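Multiple structures are listed underneath, in structure tokens.
Next, two complexes with subunit A in common: one pairs it with subunit B, the other with subunit C.
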Partner chain A sequence: MKSWRDPSEKTLALLLLAPAFFLIALIVIYPVGKLIYTSLFDMQLSGGARALEFVGLRNFEDALKDKEFWHATRNTLLITAITVPGALVVGLGLALLANWPFRYKWVVRLSLLLPWALPLSFCGLIFAWFFHTDYGIVNDVLRLLGAPEPTMWLLNPSWAMAAICLTIIWKTSSFMALILLAGLQMIPRSLYEAAQVDGATRWQQFWQVTLPLLVPSIVVALIFRTLTALQTFDIPYTMTKGGPGSSTETLAMLIHKTTIDYLDLGYGSALAVFMFLMSMLVTAVYLRQIGKQA
Partner chain B sequence: MKRRLFGQSLSALTTALCLAVGLISLPAAADTKLRVFSGGQNQRPDLMRKLFDSYQAKNPGVTIDIETGGATSELQRQYLSTVLNAKDTAIDIYMIDIVNPAQYFNAGWLEPLDSYVGGAQALKPYLPVYSQANLVNGKVAAMPAFADAMFMYYRKDLLEKHGIKEPKTWDELAASAKKVLDAEKNPNLQGLSIQGAPIEGAVCTFLLPYWSQGKQFNDAAGKLTLDKDTAVKGLDMWLKMVDSGVMKKNIAEVTTPITVNEFKAGQVVFAINWGFAWDVFKDAADSQVKGKVGVMPLPAMAGGKSATCVGGWQWAVSAFSKNKQAAADLVKFMSTTDASKYLAVEGSLLPVFQSVYNDADVLKQAPWFKDAANVIIAGQARPISSQYGQVSDVVRTNTNAALARTKTPAEAVADIDSRLTRVMR
Partner chain C sequence: MNLWTSGRLRLFAAVWIVFNGVFPVLWILFTSLKPEAELVRKPITWWPHSPTLMHYQHAFTEQPLLHYLGNSLIVASLSTLLSLGVATGAAYAIARLNLRYRQWILTAIVASSMFPLIALLVPIFEIMRSLGLLNSYTALILPYTVLNLPVCTLVLVSFFQSIPRDLENAAMIDGCSRIGALWHVVIPLAAPGVFTAGILAFVNAWDEFLLALSLNASAAMRTAPVGIAMYQGEYTFPWPLISAALIVTIIPVALLIALFQERVIGGLTQGGLKG
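Our next item is the complex of A and B:
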């Protein structure tokens, strides 16, 4: 009993860290370790033999030669490159609006939450109907405006990609806005008052006061948004199923297809390791950025 | 003080636990709980439930829970792959699509039923397509529940009105549809509706014109025998129908339910769909085509022979079930002629026994069943492969790409060939 009341600091530190470490081991280290382990095997459940053969890095070599892998990676990077800045710009606009001191700002704040609260797959299904050739509201509006022919949005690779990106931006901007709004509220009013006294215009206040002080929040928002963008699955899966053909298939969809449809766990794990590495790389770059800021 | 309180509460807890354990374990000795995955809405869980209820009445002590899943075969396959891959013991019996027994059995997910049903000859009484699909490596992988196949539904009233006979070839069908469309002048009317979205039905969309030219997709051993020119001709035939206005331009967006709903709303002259759709057209409250629907075998390519895509559903016992004997008993009950007749009469689900097709009660409900048995016997099963998930994905994705015109038919067929040559060998 005594050691509990009067532990050495080191023991106490270890004891206090133990639950957290155990938790991380359980939910991060074990699954990732298992993933890397599986990626070194030929593990095809439907192969008949059910043999678990060690193949070293062959799954990774196969992936690098696989056209589908590169195609899906290209799509994923494209979606990331479009939707992350897109959501940042829209989200920043929404955050500024929600921070504007006017009477009905609670309306803006409430409506900010709605897209965020909507499950991703619902969102994909809803927008799939919006863009449907025959039943979609988009074509209906265009028809009212006098468009002669309905556009087949989701059957053309470029339009389908554009529709997916638009949906993702709509869905994720509110998350960006929420984080940025928190950042905006931490900027002291006195800074703006001082800027006003110095004769700064609103535009100058935004560039000289708001934006620099918002950078930490922006970086945090970007880390989360970029990571989820690299894992994009739900929205293209529900909107196009990767179609037409496989032109809008993302890396996460390819991993899902390989493991769940093809039951090729070894190769699927190797693809997942690539995605993991991509995510780690992005996080490292951002964290370095934060380190520089601090 | 504290310690005593702790001791007291500990003993109270122990007593409570003992009581709880006693309460739980008492009835468990007499009760067998079976959990059944019963497919999606098109597999009529409502009717299955009624059959289960009658089984429960005859077998006191057995309770059957039902679980339903995704609306389409590939959604169900994804769910089942996840559950079975995790060796889940919660579900005892699975209803699976005809394309799955080989893949699941080879993965070690299904309990061989030989010792429960009396060996492979238990499959003899069923239509040949089903006895073949459920016999994997000489073992009984599952027992047939009900049959299905693709049929050509058509608007009897419109064909009669314009004096058109049932077309026998795709060219005749295109001409007939064109004639109706030109005469009706209804901008919402489509000539033919098929499934072009990247769903399981698109595999059949690819295979139907291909098979009807007398070529095989695979040999008996499962090796790919794709004749590329024939396959290109089939896809070209669909695209020609789009160009001539018989099919709508966004055919690559059309899923099975869209075809059913549009035909039901009276917007389609000819529609390819599964047998279950008959019940919807005939009975659904919002059906605009009640009494106006005809069913016929699918047309063939000129000079070829009609071929259909066979579907159908089977009952399988999970290899991870803790009640295999009880589960197998229920599967036996669900695959009897009585069950088959019940499903045919109540839901127009196609029987898996030849004899049930000629049953008077069944024919009263669905007169077209008289000819349906022959269509199914003449029909072809989609490639039976332990890699069916991949086979299906490659075929439907490329068919979808060809119909959306992001690939030419030749490119799509070449891609199918190069991908599946590796998988089906």
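Our next item is the complex of A and C:
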């Protein structure tokens, strides 16, 4: 077994790893440094060529005084607080249903995969059509149920937020269900048999056997979902463009608007640093959790 | 009695899952088949009464949908191939070679996906702009490749680990070099893993919106998701056209997941659970 330890192997390993590290450095590490650097400057590309002016932490001070920043942050946290538990509950329900032995398993699997495979932006467009005031199916169902007036879903701030959250829950619960289903299938059947021998009802089995054993899968799924919820962009962008007014604008949309539309890179970078810190906080919680499990 | 109820419950469960997953796409399919007059009728019709393929034709003639799809295909395929190439090397080194800190290296690659894309967008925009790469395929291919590295590497590492080392050793005793053994023995055996990783990477790249919208917004360089989202005018929403274009764009991805669903689910849960 000498060949496993020959020194040329180390060279080969480095050679094989080099492209991955080069690309990660180029697209992740260097940009993170550049982001922090730019956030300390006044860099507006829209007003013609202007000298880059070092402004220290002024962009951050401006952000903290910026009502739009707080509003967008509040929306982002609201969406996170609603859609993460929402997707967990719906996803768990779907996973429990899908865990039954079906004859046509592939139909069930495909139905769970389709929402995952659909682009987020398409979900936004599809559900904007669902929630259309005049021709949407949601209002038609409500009319059949006896609602006197059509609801102006996307034209009213609160309803628009509700519609966006429902769309996000629909889109993300399937992936959640797939992760939880994999966790469910790892629970040994013998545990349920033992519980039955002890006279546990189905309800007790769920609380005493299923849920505790599912906790590791749930934690991982929740943290991933939280990370993506903080970055919510595609669905509100395609459903409402942040409207009416800026009532459904998320932090990601504000960063996009500041940077790409207004070309205010300095301020946009400062906003992005806030986003970065929020995500790092969640990731730190995640890594601690992994450490606990290991 | 008990069997009967559980059979019914099971049917209910299956119907509910299928309805939940398929209905939104089905509804868009119905919308795309209804003629203009039927779409603005109130109360709305559910089933298309006089189906027409007119909107599909218009989706290609009134907007350069084919061109958008072409852009999507180029960007998604090239970034998938590049991810697979880079991830195969990295995964093989991590799974097989005499490497210290292998767990750390894997964690570092996975952690790169933890950075919020929206925060990376600002500097990536700045970099691509100063390099004159805005509105180019490269502007999307490079970031997509990196975005897909973690999941590809995770899937491939576990595939490589499942291949018995003896096979490789036997090939090397027979005179193969290590690279030769990798190419002739390990990669063919890991082909299902490479394929799974490839599907995941392709779907991710095909679906991506934020970078495509921000870096490649010019009409000639839009990918399908961006192009279709921009069908909407200031006040008008050409719903039948959008619906038809959505269905056309969903078809390739729907086919991929329908044909390879078990692999896709395996890859997703591997990437998700271990990540």
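Everything below uses one rule, namely that the second predicted complex is superposed on the first by the 255 of 294 C-alpha atoms of A that agree within 3 Å, B and C clash if a C-alpha of one lies under 4 Å from a C-alpha of the other, contacts with A are read in each partner's own complex, and residues count from 1 in each chain.
By our rule, a contact is a pair of C-beta atoms (placed from the backbone, for glycine too) under 8 Å apart; a residue touches a chain by one contact, two chains touch by 3 or more.
On a predicted model such as this, the values are computed, not experimentally measured, just so you know.
Enquirer: More residues of subunit A in touch with subunit C or with subunit B?
Expert: Ranking subunit B and subunit C by residues of subunit A touched puts C first.
Enquirer: If we overlay the two complexes on their shared chain A, which of subunit B and subunit C does A:155 touch? Say first, second, both or neither.
Expert: A:155 contacts subunit B only, not subunit C.
Enquirer: Go through the superposed model and pick first if A:70 touches only subunit B, second if only subunit C, both, or neither.
Expert: neither
Enquirer: Does the superposition put A:206 against subunit B (first), subunit C (second), both, or neither?
Expert: neither
Enquirer: If we overlay the two complexes on their shared chain A, which of subunit B and subunit C does A:27 touch? Say first, second, both or neither.
Expert: The second partner, subunit C, only.
Enquirer: In the overlay, answer first, second, both or neither for which of subunit B and subunit C A:245 touches.
Expert: first
Enquirer: Touch check for A:260: first (subunit B), second (subunit C), both, or neither?
Expert: both
Enquirer: Which holds for A:233: it touches subunit B only (first), subunit C only (second), both, or neither?
Expert: Only subunit C; A:233 stays clear of subunit B.
Enquirer: Subunit A residues touched by both subunit B and subunit C?
Expert: On subunit A, the overlap between the subunit B and subunit C contacts is residues 45, 132, 134, 260.
Enquirer: Contact residues on subunit A for subunit B in the complex?
Expert: Spelled out, the residues of subunit A in touch with subunit B are 45-48, 50, 132-134, 150, 152, 154-157, 241-247, 257, 260-263.
Enquirer: Which part of subunit A faces subunit C closely enough to touch in the complex?
Expert: Of all residues in subunit A, those touching subunit C are 3-5, 9-10, 12-17, 19-20, 23-24, 26-28, 30-32, 34-35, 38, 45, 94, 97-98, 100-102, 104, 106-130, 132, 134-137, 140, 143, 170, 174-175, 178-179, 182-183, 217, 220-221, 224, 227, 230-231, 233-234, 237-238, 251-252, 255-256, 259-260, 265, 268-269, 272-273, 275-276, 279, 283, 286.
Enquirer: Of all residues in subunit C, which touch subunit A in the complex?
Expert: Against subunit A, the touching part of subunit C is residues 9-10, 13-14, 16-18, 20-22, 24-25, 27-28, 31, 39-40, 42-44, 46, 85-87, 89-90, 92-94, 97-99, 105, 108-109, 111-112, 114-127, 129, 142-143, 145-146, 149, 153, 169, 172, 178-179, 203, 206-210, 213-214, 217, 225-226, 228-229, 237, 239, 242-243, 246, 249-250, 253-254, 256-258, 261-262, 264-265, 268-269, 272-273, 275.
Enquirer: Going by the contact rule set out above, which residues of subunit B touch subunit A in the complex?
Expert: So the residues of subunit B in touch with subunit A come to 74, 77-78, 81-82, 85, 103, 106-108, 197-199, 248-250, 252-253, 386-390, 392-393, 397-398, 400-401, 404, 406-407, 412.
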